[in-house]
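Chain nomenclature is as follows: A, B, C and D, assigned in order of appearance, with residue numbering initiated at 1 for each chain independently.
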Amino acid sequence: MNKILDKIVQNNIENITLGKKASYIPALANVPDGIGIAVRDSHGVYTSGDAERMFTFQSMSKIVLLMLALKDNGFDYVFNHVGLEPSGDSFNAISNLDFNQAIKPYNPFINAGAILTTSMIKGETYDEKLKKIIDLSSCIFGRSNITFNDEVYVSERESANRNRALAYLLKEKELLTGNVEEILDLYFRACSLEVNCIDLANLGHFLAFNKDACGVKGDHLRIIKTLMLTCGMYDYSGEFAVRIGLPSKSGVSGGIVSCAPRRMGIGVFSPRLDEKGNSILGVRMMEELNKELELNIFR
Amino acid sequence: MNKILDKIVQNNIENITLGKKASYIPALANVPDGIGIAVRDSHGVYTSGDAERMFTFQSMSKIVLLMLALKDNGFDYVFNHVGLEPSGDSFNAISNLDFNQAIKPYNPFINAGAILTTSMIKGETYDEKLKKIIDLSSCIFGRSNITFNDEVYVSERESANRNRALAYLLKEKELLTGNVEEILDLYFRACSLEVNCIDLANLGHFLAFNKDACGVKGDHLRIIKTLMLTCGMYDYSGEFAVRIGLPSKSGVSGGIVSCAPRRMGIGVFSPRLDEKGNSILGVRMMEELNKELELNIFR
Amino acid sequence: MNKILDKIVQNNIENITLGKKASYIPALANVPDGIGIAVRDSHGVYTSGDAERMFTFQSMSKIVLLMLALKDNGFDYVFNHVGLEPSGDSFNAISNLDFNQAIKPYNPFINAGAILTTSMIKGETYDEKLKKIIDLSSCIFGRSNITFNDEVYVSERESANRNRALAYLLKEKELLTGNVEEILDLYFRACSLEVNCIDLANLGHFLAFNKDACGVKGDHLRIIKTLMLTCGMYDYSGEFAVRIGLPSKSGVSGGIVSCAPRRMGIGVFSPRLDEKGNSILGVRMMEELNKELELNIFR
Amino acid sequence: MNKILDKIVQNNIENITLGKKASYIPALANVPDGIGIAVRDSHGVYTSGDAERMFTFQSMSKIVLLMLALKDNGFDYVFNHVGLEPSGDSFNAISNLDFNQAIKPYNPFINAGAILTTSMIKGETYDEKLKKIIDLSSCIFGRSNITFNDEVYVSERESANRNRALAYLLKEKELLTGNVEEILDLYFRACSLEVNCIDLANLGHFLAFNKDACGVKGDHLRIIKTLMLTCGMYDYSGEFAVRIGLPSKSGVSGGIVSCAPRRMGIGVFSPRLDEKGNSILGVRMMEELNKELELNIFR
């Protein structure tokens, strides 16, 4: 396995400057180039490249936020408020909240949906809710030293007017309850949580077996995997499913967490993105790994 | 297996009048109630209920039309003209053709996409193209006596102004070439082809193994299965994937063709539909079968 | 003239309970029924019915807000940020802010546009800006005792999540600068300013002659009248122009301010609204007055 | 007056190559540059530049088509099928036919609306209907030798897939009855009718006085003028109303017909268009004429 991962990194490292880093905040635009991969299966963890370099969780945190929303509220409550349907639209589309007769966000992996699942995390105080995010991440990653990137957190919060607009629309529709600024704050905290490829591989492995663990029900893991396949890669989800066929979730930091059901978890990282917001080399590494190991669930 | 199928039919037969038949043409509105199921695995075919009753292929024919488009043009050509993304919209949405900057229909399973794949079937004459549809269906179903429901065909063609509008929009965008009326005619012919649950089980079984057969490449079968999972059940596709997790395609005649990869093909039928256009008892039977046999690909 | 106005009120008073009062805040839902009309021409003011009853300015304040924005910034600046086009959509449509490539709100009479013009009122402090609204209203109405309905103000501010969402979207697009909550506060203050039919007739008369007055340029009055004709009555504007043909602006409190260019100003009031948010009897009184006096600018 | 018109033409002739000719059909793309203006008031006709050069009627024919629809069906019937509201969208927008709950085209001056008014012209045969168009044009223009540009007619008909799509959508919604191809044919015939600036000035003058003439009711002329002001210049209508303030209708051939109520009719021509499809020099000439003669109805 180590050989395979090394070969995949070598095949792609020459294209490390292809594409553009996320530019909406300086903290993301200024990260150094890099490439990393990690796999976790029943035998252990395998890595290559910058697999231990830390980057921010970004949209991949939507998985953890959904786990907590499901844990605290159950399937029916959560999915009475947010849909299960892929949108075909980009991650920050506002359309479906207002147009169409749709009364709820398409799914928990578009921003509007993730803000809503964040609002469903129960706790007396902000700190209590944040602790839930930290504790679950800690349990899944198998390490206790969870940190946040404060620069990213502050920048995101300050440039968050579209998300703020989404939150107020959700509030107007009485889908979201609670204090908008507090909910957004928690959401940006989760986005700024620091992870590396090994953490992502552990998260993918955690998802792979539908076993109750860390307080999360196995049945909820199955649901999350399904949503990752249909909605996890923004408006590239459909094509990614056809080409690679693995439940995956990307973030604008350049990470992708992926899962080969009943087999392994995978984490890849490279900060430059394609037009749809997915890591260019991340997608390519996933494609090569899939070919090497025949992981595609439709194969 | 026969016992399981009988139990499933018995569990649902009392609700045989739940929901509404498709009403846009009399030929669909006036079919008698019924319920049937068929499974084909490596050991043979199992059936229960009205598994041999004939109904029209409708949107399930989009699978066969896509197979032929892929066969005649290859992956790249087809998917340069039609997308791979789920739409979150209902089957006859016109939106994405005009709004958004999208320049192609979301996927081959919405009407606009299927009209386009139909236009890609190559042949000197109309009859030659129709023969391709008949021959491929015949090969997949394992029977030579392919028939069409003329009443459905004539009615669909006459009430087809929305599809006609879609076709002219595709033509204006230079995605569609050829004679619009001929292409629509072929499309309605395919929709009016008569099948039963056993045929659908055979089609599902054909899809299950990604093997080259009947002139169709195995790799194309994998792609079609992926699209069935993400886009096969109209705007219920996402929820169907979460609840049942099998590549499936429904039609307004009340049939559903489904596939448990590497295991079996499934065909169910009951003509009354839910609000999204899927067979109510068909979906319920799929849910029960999935629980009995643990077929969900995310399990 | 008094006879005409009395007849118009008598013709309509029996239908005083037709339609529904604005219901989104109790302060509007619970106002008593009533009907009033006032006309101001070069000879003086004529009234009938409840012409002195106070109600809130609501969307009619968008005229005053636009006057101040134009006064403080000039035509070019204002209309580089907000359009001059009718929208065909209802007053709180969010669509055009996001969909289409449109980068600015359609016009200053939809909520997004009016929030933007409010943000353009210059002043060191909130109080200074509010004073500008009070002073201009005072000058136009010819009375110094400007009051606000605090109950309406507080309720609007609290139920303002859609407007808050609009404001944050405008901020994200860098069309709006300044503190969102302060701008919204000012906007709701203007909406809660108390007026009666005589005030509206004075406002209409002020608009009628394109003369520099109260610090407002005559040329800006011409522009505002044009926008009132094309966009003043929500998505009934086109039909109102065809039927009555006078620059007019309605508010959900049931008032309509109207203007017969070079002839007179008109104010009508009755709190029950039609489906598009315009006063039912207000529109009818305008129609009768128009017929009596042949005011239609296309006549 | 002749001096004024000459000055206006001289002021603009140097910019005769500014902008682009309509390019969707060669017959429009290849016309020579030119500039002309004509005014008709109670004293007679005044012209300057290429006022007698013939060009095609294009969207300006929508005025004549609406006159005939109103004549044959009355106000209520026509406007139960097509709206009176400006759309804020470009002339060939398809959105409102499908999106929104709107069940009819916004107004008779977008293509969908004009195809619908064309379908309302009554006659036993196609020739009878066409004769109505010819006869009314002949009466308004005051000349009997009405001709058509066959090259334009044939090209438009062949490249008409978007209009064809609109027509089939209208048919599906049961707004349009009759044979789609025949209706489109009649519509393209009307678009290809040949006019010059003097004809347009006569049409504007015909509209200016709301007098029953040529079988058209004066009250219908008032309605048409109102629609010209709110919807006549595509998605520039609002700004044109603010800047010039005259009921006007443009066509992609570069003509604009305009009307100063109770005063005069105006026709301008220059084939190069701005981004919204209006004649660049045509709009400029209208602006200068308006300033010279103070025609703006809001002045």
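Heads up, the rule we're going with is that a contact is a pair of C-beta atoms (placed from the backbone, for glycine too) under 8 Å apart; a residue touches a chain by one contact, two chains touch by 3 or more.
Computed from a predicted model, the values in this text were never measured in an experiment.
Look at the contact of subunit C with subunit D and you find the same residues on each copy: over half of the numbers used there are shared.
Among the remaining chains, B is positioned farthest from subunit C, on the basis of C-alpha centroids.
Subunit B and subunit D have centres, each the mean of its CA atoms, that are 47 Å apart.
The distance from the centre of subunit B to the centre of subunit C, with each centre set as the mean of the Cα atoms, comes to 54 Å. Rounded to a whole number, the gap between the C-alpha centres of subunit C and subunit D is 33 angstrom. Taken residue by residue, subunit B touches two or more other chains at 99, whereas all remaining positions touch fewer.
Against subunit A, the residues of subunit B that register as touching in their complex are 83-89, 96, 100, 106-107, 210, 222-223, 225-227, 229-231, 235-239, 241-242, 245, 247, 261, 296-299. Interface residues of subunit A facing subunit C in the complex, by the touch rule stated above, are 94-95, 98-99, 161-162, 164-169, 171-172.
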